[in-house]
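Here's a structure for you.
Naming follows writing order (A, B, C and D), and every chain is counted from residue 1.
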Amino acid sequence: MAEVEIGIGKSGRRAYGFDDIAIVPSRRTRDPEDVDITWEIDAFKFDIPLMASAMDGVVSPATAIEIGRLGGVGVLNLEGLWTRYEDPEPYLREIASLDPDKATARMQQIYSEEIKPELITERIKEIKSAGVVTCASVTPQRTKSFMKAILAAELDMLVIQGTVVSAEHVSKTSEPLNLKSFIRELEIPVIVGGCASYQAALHLMRTGAVGVLVGVGPGNACTTRGVLGIGVPQATAIADAAGARMRHLDETGVYVHVIADGGLSKGGDVAKAIACGADAVMMGSPLASAYEAPGHGYHWGMATFHPTLPRGTRVKTEQRGTLKEILLGPAHENDGRLNLFGALRTSMATCGYETLKEFQKAEVMVAPALQTEGKALQQSQKVGMGH
Amino acid sequence: MAEVEIGIGKSGRRAYGFDDIAIVPSRRTRDPEDVDITWEIDAFKFDIPLMASAMDGVVSPATAIEIGRLGGVGVLNLEGLWTRYEDPEPYLREIASLDPDKATARMQQIYSEEIKPELITERIKEIKSAGVVTCASVTPQRTKSFMKAILAAELDMLVIQGTVVSAEHVSKTSEPLNLKSFIRELEIPVIVGGCASYQAALHLMRTGAVGVLVGVGPGNACTTRGVLGIGVPQATAIADAAGARMRHLDETGVYVHVIADGGLSKGGDVAKAIACGADAVMMGSPLASAYEAPGHGYHWGMATFHPTLPRGTRVKTEQRGTLKEILLGPAHENDGRLNLFGALRTSMATCGYETLKEFQKAEVMVAPALQTEGKALQQSQKVGMGH
Amino acid sequence: MAEVEIGIGKSGRRAYGFDDIAIVPSRRTRDPEDVDITWEIDAFKFDIPLMASAMDGVVSPATAIEIGRLGGVGVLNLEGLWTRYEDPEPYLREIASLDPDKATARMQQIYSEEIKPELITERIKEIKSAGVVTCASVTPQRTKSFMKAILAAELDMLVIQGTVVSAEHVSKTSEPLNLKSFIRELEIPVIVGGCASYQAALHLMRTGAVGVLVGVGPGNACTTRGVLGIGVPQATAIADAAGARMRHLDETGVYVHVIADGGLSKGGDVAKAIACGADAVMMGSPLASAYEAPGHGYHWGMATFHPTLPRGTRVKTEQRGTLKEILLGPAHENDGRLNLFGALRTSMATCGYETLKEFQKAEVMVAPALQTEGKALQQSQKVGMGH
Amino acid sequence: MAEVEIGIGKSGRRAYGFDDIAIVPSRRTRDPEDVDITWEIDAFKFDIPLMASAMDGVVSPATAIEIGRLGGVGVLNLEGLWTRYEDPEPYLREIASLDPDKATARMQQIYSEEIKPELITERIKEIKSAGVVTCASVTPQRTKSFMKAILAAELDMLVIQGTVVSAEHVSKTSEPLNLKSFIRELEIPVIVGGCASYQAALHLMRTGAVGVLVGVGPGNACTTRGVLGIGVPQATAIADAAGARMRHLDETGVYVHVIADGGLSKGGDVAKAIACGADAVMMGSPLASAYEAPGHGYHWGMATFHPTLPRGTRVKTEQRGTLKEILLGPAHENDGRLNLFGALRTSMATCGYETLKEFQKAEVMVAPALQTEGKALQQSQKVGMGH
């Protein structure tokens, strides 16, 4: 771990984001049809290595089902609108129509409605009845109080999630969730995060989780870095977590999945996440642009309506295609935002790799994207503006 | 101290600013309520580690009192409008209404009015009568001539300040202020600056000052770097000064505070300043956006009206909230410009640190902000423009 | 090969593009008239080291002839419009008039027309009848099926080309083209690519090709980097391939040409490509701006109309001058986009080099262009806007 | 000389421009009045270390006289309009009024008029009669043929100048100027350039020149880097030339001046040039913004009207103040473009240095300016736009 000196009293490592790196083709190529992009975690097998983020503008019971049918898995936020309101649709429509000046304040009101345990059970069952794998998320603070309702619905996979979740939360006033004992005792497999360093990932892996979410601050709707000064660019965060996975595997024989959460917007980002060591990706913003997305062209993170320190933003999204077109194609645009997993497959084929596990070993280069990529996109936009 | 070769005849260290770095969460998290952000310097204790910059658009006697009540300390500029005019309000309004083309010239006129010692005493007493800690600034050139008026008002803390202040000023024509003897003999604790290197900070510490201001060129209203070519990015300047603090402590047993002066605009910047080694921050521009700020939506540095070589600019500021909202929240925006010290508290909690002194050891990474952070802000602006 | 650590589990080399480097004058200068920029490959000798890209908006039989007369060689795409339609002109005009929203979809339709072997033969003969060297490109997938038509026309040089072409393509469902045996048995000299690494270039050189195309993702009309995450900046890709050329020469005694394909827009880029080790350049986009270009102000890559994952964009191009003015001058503009090979000659003369082979040894520096170059261009644009 | 690997076949040094570095204050400060910025070269002493560039939009006989009176020296271009036309004023006005589309072509015509030796003598005498030091420039190609006219006017200092001038020009068709014998035999002191590397500077110093011009491609009106790919950022070029000066001094005992030519736009750039090792600066573009400048708000380099490969651009310049205000102040703006040498004096004083020679040893840091400096300027512009 080479450090650079920031000043006489401080050093730090250099970190890299997806836009800082590029994948290098190897000396072999392969037919896309021969590439295997399936993902297995715990008892579940998915056609594509995708978890849809637990954002109210992205995952509803309906889109969770659709995403499941398309081969991935949607994560329903159990502390979002779907468990606060019997019918959240009017609120989703209102949020999409709010004046930017008043959006945060009004969202704070809308999200002040209490969460109803019976709705938790009901929403999960709704997804389960469609025959797809069910997955839902809670914050560590509320995990215990909602577990009864969650277990009643026979959820398949639980996500325990926050901006930053650690294996060692310290509190003077309350007894925090002991992830290590909680996860080990729970029958449902748990994915936990976010984290963004080797040590943090390693300690989360030691809780018995089947996967860790890697990503602090990279999300499209996230302003954590500006507000708190905290954030690790994703390429480095993923590679560090992959290093932790290796050590944990060596120590325990257990393979814990690294799921790249946030900061992915194009097919190339999905490929880079895997090439940096991720087993799968969690995405929100790219799916919010689907016609079926519950956000009606908007999405926002769960920190957007924090009562005193909002750290996210309601983002307007262009509606680009169906969920199917976004995930599996065909693409009618060339900007990399459609057919994300067809792109992953082609990227692997172009570089000669057959499985996700092999692709984690792909050669990458540090190659800032600004100039190279910028030209084509700029020109492309000129065309659009010229007409 | 690794140097890079600029050319065959010249080498230099690489320096980093706040936007070049990010804080990395540790493997521990903590409740924000358990975090201690109080700051003690000399006999004074503050709820928040904040000094408000001695700018006429930011600190008036009234806002000094309000900032004191909110837990920080406002520094009144004793060479500004408040000591030149009995009633500076008409001039503040005029400055806020000046045409950009004529602003500098007219400000040069307005600031040519003489400073009145009796107003110095009066202004300090006005603040003192409210029961808050009083703090005021002078330049080294005028320190001696104003001391009688300052002492008459029983000032609590004195700031001796300039773009660059050194412990060894050389003059062929006059006897410069000998900081070392002056400060040691003075009863009032002195904070002195600006400086921006290990050696300069160390020598200022040796004058007997209780704190040094670190920052040359980073301010929002400052053009020193363009005009003079001088400037050290803040992350490096702070870390270097923190290194000097350690050496001075080792040599003398005396802990001299490092106060990051300038270049801070968001909560994340405050957190980064501490993480780089600062004990407290001095801010002007973020407070100029308060409804109560005397500048009526404008602020400017004291070098703005230099008669022959102005090195600052009158900056128009969006009025964002009350001083209370800016310092302590609640925030109704997500861009990190409100609830600056709530953000510091949350940043420390998210990274698992309990005190400012501990947080100085936080891990940081070199991670240019442009891409990662830019996306969310850009998108956020699009929303604003879409309506 | 110095690597930087991206994260604990991943390292990579730092890569550089043309905009990251600059050529350094030596201590000698030379008359431009004394500089030799001719290029010899196999039995062919060209006045300028130029291959025109196999893009339908750039190379038609007519422009191939014109480019040949001007000293370079145009590569006709045998899988483009010219071999699908007896008269492609109406389709070229339609493409130039398409609404951006519908361009990709309509181009997919237009390019779904079958390729006609008799047109392959006819087009090549048309060029040959003008007395210039004939060169045409096919993809590896279709090479075998079109060879009869190609050989019937007595083509001079064959280009086997794709986004990435490797010497070892793996397929479970079909028998892929064995480049090594195919090229060795063919009577026509073959140029093959693209590739972008030492290993990939070396293995392509071992197939018996006379030249390799270097460039994955740099092109002006290419979005491979965003869509697939794949791409190597050109300065590094060329230098790596030049390293492979040296090793292959050492192993076999055979000199295989390195042709920089894509990412060149100005005369300075051509000079940098040679200075990084290229023997010649392949360009499309700069030639698309010729009045004679078949694209009528537009050009696009062959991946633009991929049925499920388009990875190129139709780019609108300003029409700047005749092919002669673009290649050989005179220039009436100062932005480096006219008289590209006059610029190469002057660049070599200014640095004191006499031949392309010598110029490959020119000193270069890593010197990001943004600031230095930006100023003049910005100012220049201001002039344009001011009137 | 640490090199970075660009690719397997190519390495190069990292180069830095003025915007990449910043000067660090030392632990001493000084009164500006005590600072000495005079410059002595050969038998001449100047109040300020300034040569005004030989550009027709900058130096006329009248401005050469005014610049001389202000303490610097103006260099008249002996191959410009002043020696081609008895009265160049109508042509200067026409150039200032040309439509951008037609500017280059018309300038090519205007500059096709022959140079008249009698005008060379006359112009120099006109300047000489005002009692200031006379200095004028010629290209190496034409030096010999104009010498008689130059000597007739008793010129004080001769500049032999081109984009790149080397001590070893090679030509197959003509006998090039042998700088080494020519300069040694000439009675007038000669300054020669441009150059941009240690070797090139060293060899030019060995010709017997009293100074070398350092700068290839950095100028504000120069597009050499885009057109030819050639250019060395100024901080590195100056430091390299300063290294050559040291070696030449060691070898011969003769101190040859390093004059930073081009790329300077603000006071801070002048300070940085000296801090990197320059003895003086040559500037054009900042002086073109004077009310007295002959270009009427425009300036252009001598390569702008090259008949086949123009490599400069006619730049529109805001008219900012008198020559006196630009060079010596007072400044009424804060952007660093007025009072350039007052800024140099203040910069030296702020860093505690007394002479230019001492200031060459100032500490510098690598600190890209974009973020830090950008904020203030952006905000400043907002103010301007808000009214």
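As a convention for this text, contacts are C-beta pairs under 8 Å (C-beta built on N, C-alpha and C of every residue); 3 or more make two chains touch, one makes a residue touch a chain.
Protein names from UniProt, one per chain: A, B, C, D = IMP dehydrogenase.
Note that the coordinates shown come from a computational prediction; the quantities given were computed from them, not determined experimentally.
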item: Chain hops separating subunit C (IMP dehydrogenase) from subunit A (IMP dehydrogenase), counting only touching neighbours; value: 1
item: Centroid-based (C-alpha) most distant chain relative to subunit B (IMP dehydrogenase); value: C
item: Copies subunit A (IMP dehydrogenase) and subunit B (IMP dehydrogenase) touch via same or different residues, half shared test; value: different
item: Copy-to-copy rotation for subunit C (IMP dehydrogenase) and subunit D (IMP dehydrogenase) - C-alpha atoms, rounded to a multiple of 5°; value: 90
item: Rounded Å distance between subunit A (IMP dehydrogenase) and subunit B (IMP dehydrogenase), as computed from the means of their C-alpha atoms; value: 39
item: Distance between chain centroids, defined by C-alpha means - subunit A (IMP dehydrogenase), subunit D (IMP dehydrogenase) (Å); value: 55
item: Of all residues in subunit A (IMP dehydrogenase), the ones touching two or more other chains; value: 13-16, 236
item: Touching chain combinations (by label order); value: A-B, A-C, B-D, C-D
item: Residues of subunit A (IMP dehydrogenase) touching subunit C (IMP dehydrogenase) in the complex; value: 1-2, 13-16, 18, 21-31, 33-34, 198, 235-246, 266-272, 275-277, 329-336, 339, 342-343, 346-347, 350-352, 363-367, 369, 371-373, 375-377, 379-380, 382-384, 386-387
item: In the complex, subunit D (IMP dehydrogenase) residues that touch subunit C (IMP dehydrogenase); value: 4-10, 12-17, 19-20, 99-100, 103-105, 163-174, 195-197, 199-200, 202-203, 216-223, 225-233, 236, 263, 265, 304, 307-316
